[in-house]
């Protein structure tokens, strides 16, 4: 098993600070600034790579991946509803979280591959942006099926929801970063911007993971409720999605590195974009449950154990050693 | 025409986010931190350069430029008052904004010249600091001419105003930066500070422009009022000032790069120091108008179109091709 | 005498801004973010170095130093109590501040040695972490001696105090940084994190010193009360401690650089961890006095004059020239 | 107390997202002055709302408003249906406006 | 004013560190609604407290609460000993709850 | 309600830049307690004021103060001319101080 990246140790540092009730607090403004920075940086990197490809070459895979990602909640929903005994709203909402993606998990995946010097298609951030949305729609539909007819109040404002999702800052920053990165690649002017956006990326990620550790620690209590189910689901489901992502990457002829990243994307679970969307789409769902599950179980599992496992899966798939 | 710098694309990204009503928000603390950083960094760079010159050599040009900059509002005022039909207070205040300078426009100008690898006198930030103030005085006098006698209340507290202007954080950070940069040059210890203040400059400028785009978008509505006049004035006036600056630079034997920067300074319009000063000096003036004009019209014009034009003017003046 | 580091000039820039009542304000979030950053960075650097040593080799010196640091308040207390005429609570509290250490003074000391390219043992940050706490206990005992028996209210909640001190964010971030740095050294993965945490260190320190100058200026008024005594104590006491630290470093066979850093540590006076601890331990002590003395007298003395003097002391001790 | 005018003090708490809409309503009612405090949290029928949670920000706003009694009645009429829709609360109490500052009620 | 209910308005100021404990007490008293404003400063028997001083932060919290009179009496009884211990203040006044939003008192 | 003392509640809104001066006046009046809420915005005779606009910050401060009636009269007398100069508002109402915390009025 490859060594754990030092950067993810900052997550543990945050969790421990939370558990021993240290007075350590990351200023809100720093957390928000870094999340803006990370999304732009991921976008720039992706756009820059994309400029070296023929968009037409990337398009078919993109569309297929978007479509299949939308199906993930269809698998998650029945498990949550009938095995986990969650109510309809929560089941749909959690399913949407798992269908969507986490940019930070993605970033940890990139850091992992960079650490072992493995090549991957640079346009992966495009997939990150594309995979964020479709599952949110599926999850919302599942959460609301049948309810809208019974009461007028429950009616979803799809217009507002679409606006929220597509103008939501995470998607917007990613897409904006991709556009500017593409332009940078086209005019071949990368130089002075790389110092902030590329060189400092892992350092910024470290500080972000520290705060995420603090957040995760403060969310752990929710897991006690349906403890066993939540832990099993929070680990087994991303593993399944990761295997599915590996297969898809292989099927679409991605490089091993790209396949691993795709597995990470499928396995990752949103805790920023999805909660924001579900708040509007499925106000009856309890955010504490979905965020707690996502941040308290699946996120740490993915960054410490999941990522290396998806890489092992990929190597096995490609017959590498 | 030379290619547009990728860094200014972040301004567009901000404007678009504002127009589509994205929920993207740059934390206040980040905006303020970056503006502190940019001013110090500009100052340090300037002071470092200045330490390689004989101050006596720079002094005459400095004084002449300061004096002429103070005259700019005398040209702007009658146009605003009699063509634009603004009231006296607004006319004086807007004239003061255009006579003063914008550090961010200046920074974009530097980035432009760095991008095309054109030499300029390194002490330009000194001019930035010097040109900020004089026009504020002229504009204030124009705004208040005749009014102070009629009513006691209208009396300007010049002491307070001078204190505000000279201890105002933008001038203070620039001058402080110049002083420390000068010291760094003298003792030849640049090394560990350059990493933060020089290498990351353009990256920080990118994030700042993103926020400025958001701010500009939120200020656009004011332009509707006197739309046509404001757009024409907001473009034609900086062009005139730019031509004037080019002539001055040529007359004072600056290098072509230095001349272009001087044109940028004359053409630039303040939206931080001037509003703060006018709030005290001319409280009757409506800040929405002057900030809207400065940020919504002249700033974007300058960074996208003005800077390359001033460079073309300069090349024409020096007979370069 | 060696040249003053440019970075400490930022402290003067802050003090002057405060004295001329500039409207310059460093956002709280920036101040807090940088202090988190500095502590982690110091820790990482220390941990990384430590991984190259045999911990058993470092241990005896560590324990001895911790023990002797705890004795410093025993010297400070009678001077404050009987010469300075401070009350018991204030005397104990100030003694605790002087016994504890200041991470920023430490950082300036490192920058000084780096500037003159002098070697020092890399694990010094470990001493920084270790020396922070013991004197707080001694100072607290001195402050409370005899009082707890007289009134029930005065009873110190030692459990709470210990928790506060050991989970306090400054110790936690240092120790966490040391642990992760140690791990980085072990797995030999330093590369992408060094960009943020090592390269930008001095730049971040500059911004921090700017804010500290502002803070110091706002604290100066307190010195007027017992002006002469406070100025003499605030200078003479760290000098004494510095001489003591030099002797200790020599006795424990540290390198000259390491000895100088140890002198800086002994001479430095806490203004973050100590006030926080004393608020709980000795609520009757007036924080304005101890913070004013620490930040308004001893801190500036140390960074401008003390550090070079401790280096001269060290050179004299080792017979260097 | 002399030089004071008997007035009503209205205190509205609602979601910060509704502030613009409420301000519009107040403008319609001819209100000329109010004070706004953001970053409020609280407990109510929809559970706890906290502006401090970076992952799930729910921010309330407190609007304080002094006006004459008839004006108050007008405001309440306009605001009541909105609060019914949004949630939040609205309190009225008696107060005295101290004359001195420019009239803004 | 019609469609209003006479109620009590309670305003508690205390150290922000005590907020959790006070919220617990209010929950015990069966309170179903209150509003919280943090980052407050002030002057009191323990001197000036200011949330703006980065070296020495002392933050107060203001809790505003509307409830029926009997409920108010219950709350006061529970909160009084705590405030005695912590410091701070607690005021009660009369107010009218404007009917409309969901009942949360 | 027993164990309460009838008092006056004063609520002052003004520009944050004036806080120091107002605090000085209150000290002159012998005030021993007040609570300060910064980052307030609002509408008044000088138009909208908002602490959120980074280019044009106009921040109000809300000062809440409980005191005895005679003290209140004294405060009003001192504060009225200042508010006339600065702008803002000042409201007084009746309230009950809940005994318990240290006396700071």
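Chains: A, B, C, D, E and F, in written order; residue numbering restarts at 1 for each.
To be clear about the criterion, a contact is a pair of C-beta atoms (placed from the backbone, for glycine too) under 8 Å apart; a residue touches a chain by one contact, two chains touch by 3 or more.
Because the structure is a prediction, the values reported are computed rather than measured.
Shared contact partners of chain A and chain E, listed by label, are C, D. When the C-beta contacts at C-E and at E-F are tallied, the pair with the greater total is E-F. Least-squares overlay of CA atoms from chain B onto chain C yields a rotation of 120° to the nearest 5.
Ranking all chains by how far their C-alpha centres lie from the centre of chain F, first place goes to A. Distance from the chain B centre to the chain F centre is 40 Å, each centre being the mean of its Cα atoms. Measuring from the averaged C-alpha position of chain C to that of chain D gives a distance of 48 Å.
Work out the mean CA point of chain D and of chain F, and you get 18 Å between them. Taken residue by residue, chain B touches two or more other chains at 27-29, 32, 200, whereas all remaining positions touch fewer. In chain E, the residues that touch at least two other chains are 37, 39, 52, 93-94.
Taken together, the touching pairs give a contact graph of some other shape, not a line, ring, star or complete one. Per the contact rule defined earlier, chains pair up in contact as A-B, A-C, A-D, B-C, B-F, C-E, D-E, D-F, E-F.
Against chain F, the residues of chain D that register as touching in their complex are 1, 3-4, 7, 9, 23, 26, 31-39, 64, 66, 93-105. Residues of chain E touching chain F in their complex: 11, 13, 37, 39-46, 52, 60, 62, 72-73, 76, 79-81, 83-84, 86-94. Looking at the complex, you find that chain C touches chain A at residues 27-29, 32-33, 36-37, 40, 163-164, 167-169, 172-173, 176, 179-180, 183-184, 187, 189, 192-193, 195-197, 200. Across the complex, chain A is touched by residues 3-7, 9-10, 13, 16-17, 20-30, 111, 114-115, 199-204, 206-207 of chain B.
Residue ranges on chain E touching chain C, taken from their complex, read 52, 54-56.
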